[in-house]
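Let me begin by presenting the structure, written as structure tokens, before commenting on it.
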């Protein structure tokens, strides 16, 4: 019963642009995400504090202040609507009552803003993946799984519009792949462990969403590709490695949509453009206006085909003007005003190309987000339905694209990049097309204390 | 010997665009401000702390960390150059040795970045206007004046590229004009007190710059028009009042250029577009990326004709990604990348118009920054050389522009706006064209405890 | 025939010309001056306050209302003793040592005055000792300090220390505010209250005064 | 004939295949094993460290160098007593209670090990008591705690309190780090050191160990 994506959602490059997509999603309040306008997606988090029964009232007040502040500013700046994300901190998932309470506070704040300003809003609830609290992670049952579902279900019932997660299946292996810049290990983690877990997880989340009249929105390779991006940004691993991981993470994220997710995909999923190209569903992205959460080499290009534009998250601390989330809201709104103004004038493609042009020659990670690159690679990915093979192909094609781009001087590169691209190419080519065979090969090097094969259906 | 501006610096609207101007300025490091590219102007300030001999080493370390951090990030993101602003906190002007030390630390950090990354930089040194520490302010002599000059002179000798100030002459009267929304009083403060003080002050600063081979860059109506903007943003005074104050502040700021300043004008001088239209000299502006310093209704349009793009200033505090000034640097660079990418493609006018279109229909303060409005009003301002009359005309024309725009539905307005526009119009019309006559009239309502006429040549 | 409601309406509208006749009428009719003040004049400002808080009135309008109220007061005050002039409490306010930011503080003063407080404005750049001196001289219920600079916020702390050293800290409640100031900072330096805008600052003072009354009733 | 410099070059290049022959050669030539370790193997890592800090080497390359060093160690270690194996000090490291962020801590572990420290990695989500237990068991010189979440940074404080309560706080130096942690926070909760990246963290540990040595020399 899973969806198959056998062809691209776009035939014309000019349609592949921010703000609109073939399969928009309409929220309870009537925001049409992917229907033409880019919306701001606001994120926030608590300042330094402990979470327990004693401090929860304080945390509740902070959330109430945040939502009141950001929506007030959004109304003052005439936002066309606001997507709110509640990404839980671990305590709020471990103790679902905390998470449920905070989620309700946000829903109330949204209702108040609707009454007071007529502001349209919607909320994405994103519990953190609790399952990794077991070491090795227990993915398909047990108390963490149950607890997580409890939070999802009640938030859905309480009125959340979207459910998301940054799931971590396979991360326990991928972490060492990253610091070793070991592409074979990474592809195993993403293309076998990650993909298998996504099938299990999103099958459940879609069912849960369907029966509670909310939307399953999508996942993020945050624990994989964003960790890689941060490590590359700190100069710890080659940028080309992070770029390849980004694209290799696409098939894993795609699984959510095969299982029935409808978007907008998670803001921190920079693999979003590929998802949009393949599924035609709306995506959320983050870039320069998320710099308070993490630095990145894709500040502008990330917006090129985004349908929601996010600040990723920032603590409730006071800056000189106002609280940091209010500042984030203001910046997001000005960004989307500009994008939407271009659309209004029919100049969205031109604006998209400026976003692209401004970043893509400067970093390989930005380069792989170019709409043309996205389309080229995606058109190959849809030719197979095997998500492991897709992962391998994604990595291989990215290496090829980058070699070519570097050779043609289309993107700045580090003198060490070619060596690493060669190394990755060799690694990828040594991977068999059959996942079982690959798993057998990998057993020799896998740290079996770190993961439980049966939790991944192996 | 003062310059006269008798005609506009532009004949074609399409030339009036960000990044370039008829009279660019070349820094010691070879950055050409107004020569085609928009540069980031980075600003920062200390976190909560006392300043004294004991804490100065700590403050020095903080400044050293800031400059190292921001220039490293600028280099990583391939900034074409960076303008650094050192805007002193009062202690650093009152005790010039502190200010001189901090300025030197920044200069050293800039040198290091040049050596390490080949990054071009320049520094604007902006002592705060110490003269208002006397109450009523003593503007033309005394210890505060001497102290301030001491700081300027040494920083210039040490290698600063630009000297600026946010001077406050007349603010002691303008403050109450603002909270009363009293346009007559405001015009007196700006057009007589402000203008007179600017003549005195900038005559000195230009001489000082000339004899120390640095540039006199320009002033800002921060204490006048930005205070108005902030008050309007908080809903305390009508937005239309703040919009009129903005334009009424232009003649005052122009005085610096008459005295020989060459730009780039101060970032927080949102009156910059008028200055550029009239003088053809480069301007610095701030908008959405300065939201951490203050919220504003001009986040995008502020960039429309900017030659440097600033974050105004933010404390050295840690956000989740990095220190706040580093975050600011990243955001500025992505903003200017986009603007410069458009220029590269020859699309700068189109991009300018998007910046304009995205804000100008939504707030009257944004509306008065429209390039066409700027040109129209400026072309009237150059017809007289009397800066008092210019101030009055600026206010009058702005009221007319806004009435027309509101009537034609070109800009959103509050239902109370027309009443206030009428009120202002009456007030302005009641002002005689002769400044002496006006001063005589005003004597009846002026609080003579608050200012010393002779300090303004009255 | 003028009513108390006419008076409060007149205050609301900031009708400086109309207020005298209305108040004089009521005085002539023999209405209790205290009633004119509380239900007419201050009554008007009680309508103004929430309108200001919700953004429906601008500061200059509030100031006109306050001026109108004061104009009315001028007529009524001579009819009652000084002690009977209702004051919600006495508040001393200043921007701290080294800081010249004025406007936030001024708005606070205006809002407090218009809500019935007696306010002594010490101005800007107020040295630590000047606060003590003012406390001794004016015996206020509340001391307010404004700081807009990260490098002067510590002066809030040094001022509180000064008040302690001078033995007057316990006589007053201390409230603080300004751009870099936060509730946490207020707690850290031992202030009694913080607010980020003038309207809620008034509410804060109201709560403090109520508490003080309760404590007095309890004889504490 | 192999030289000590060949060994360190081999470590720098992360040449896992070449190291054995080189080290064996030196052993056969009768070179002092301690010298092989200090000047050859660790010597190589001493070149690696600054290259990593300045961004000229990537983590995977540093890891290869470290692996190469360890491969060489395997041959030398049997020739000397355990006490003679040089260790700069013993460090216990973990990500605090409730926090699963791993990578920053892992990099720290790797850098410390490759600079000659003996590191015991307690993993992630390490409860307060588990830190105490590990201190008692391993008697480290330094305890490192990593926290990446604003809601787990307080666990640094509670862990330090636990160590105090269990009477082992004074036996160790405590260093802390992670995204929300700052020097100020470190000072506030009573940690001894903070660093925002792995390279300077090693330098921090070096300074701490030096101090400890000096104190020991003084007989303190």
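Letters A, B, C and D mark the chains as written, and numbering starts fresh at 1 in each.
Please note the rule applied: a contact is a pair of C-beta atoms (placed from the backbone, for glycine too) under 8 Å apart; a residue touches a chain by one contact, two chains touch by 3 or more.
Fair warning: this is a prediction, and the values are worked out from it, not measured in the lab.
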| item | value |
| --- | --- |
| Set of chains adjacent to chain C and to chain D | A, B |
| Centre-to-centre distance between chain C and chain A (centres being mean Cα positions), rounded to whole Å | 51 |
| Intercentroid distance (Cα basis), chain B paired with chain A, Å | 40 |
| Whole-Å gap separating chain B and chain C, where each centre is the average of the chain's CA atoms | 34 |
| Residue numbers of chain C (touch at least two other chains) | 180 |
| Where chain B touches two or more other chains, by residue | 45, 315, 320-321 |
| Overall pattern in which the protein chains touch one another (line/ring/star/complete/other) | other |
| Chains that touch, pairwise | A-B, A-C, A-D, B-C, B-D |
| Contact set on chain D toward chain A in their complex | 55, 58-60, 63, 98-100, 102-103, 106-107, 110, 123-125, 149-155, 158, 180, 185, 197 |
| Residues of chain C touching chain A in the complex | 179-180, 182 |
| In the complex with chain C, residue positions of chain A that touch it | 318, 320-321 |
| Chain A-touching residues of chain B, taken from the complex the two chains share | 45, 73, 77-78, 233, 287-289, 291-295, 297, 299-300, 313-315, 317, 319-322, 324, 326-327, 330-331, 333-335, 337-338, 340-342, 344-345, 347, 350-351, 354-355, 357-359, 362, 412 |
| Chain D-facing residues of chain A, complex | 45-51, 89-91, 132-133, 135, 175, 178-182, 227, 231, 234-238, 315, 416 |
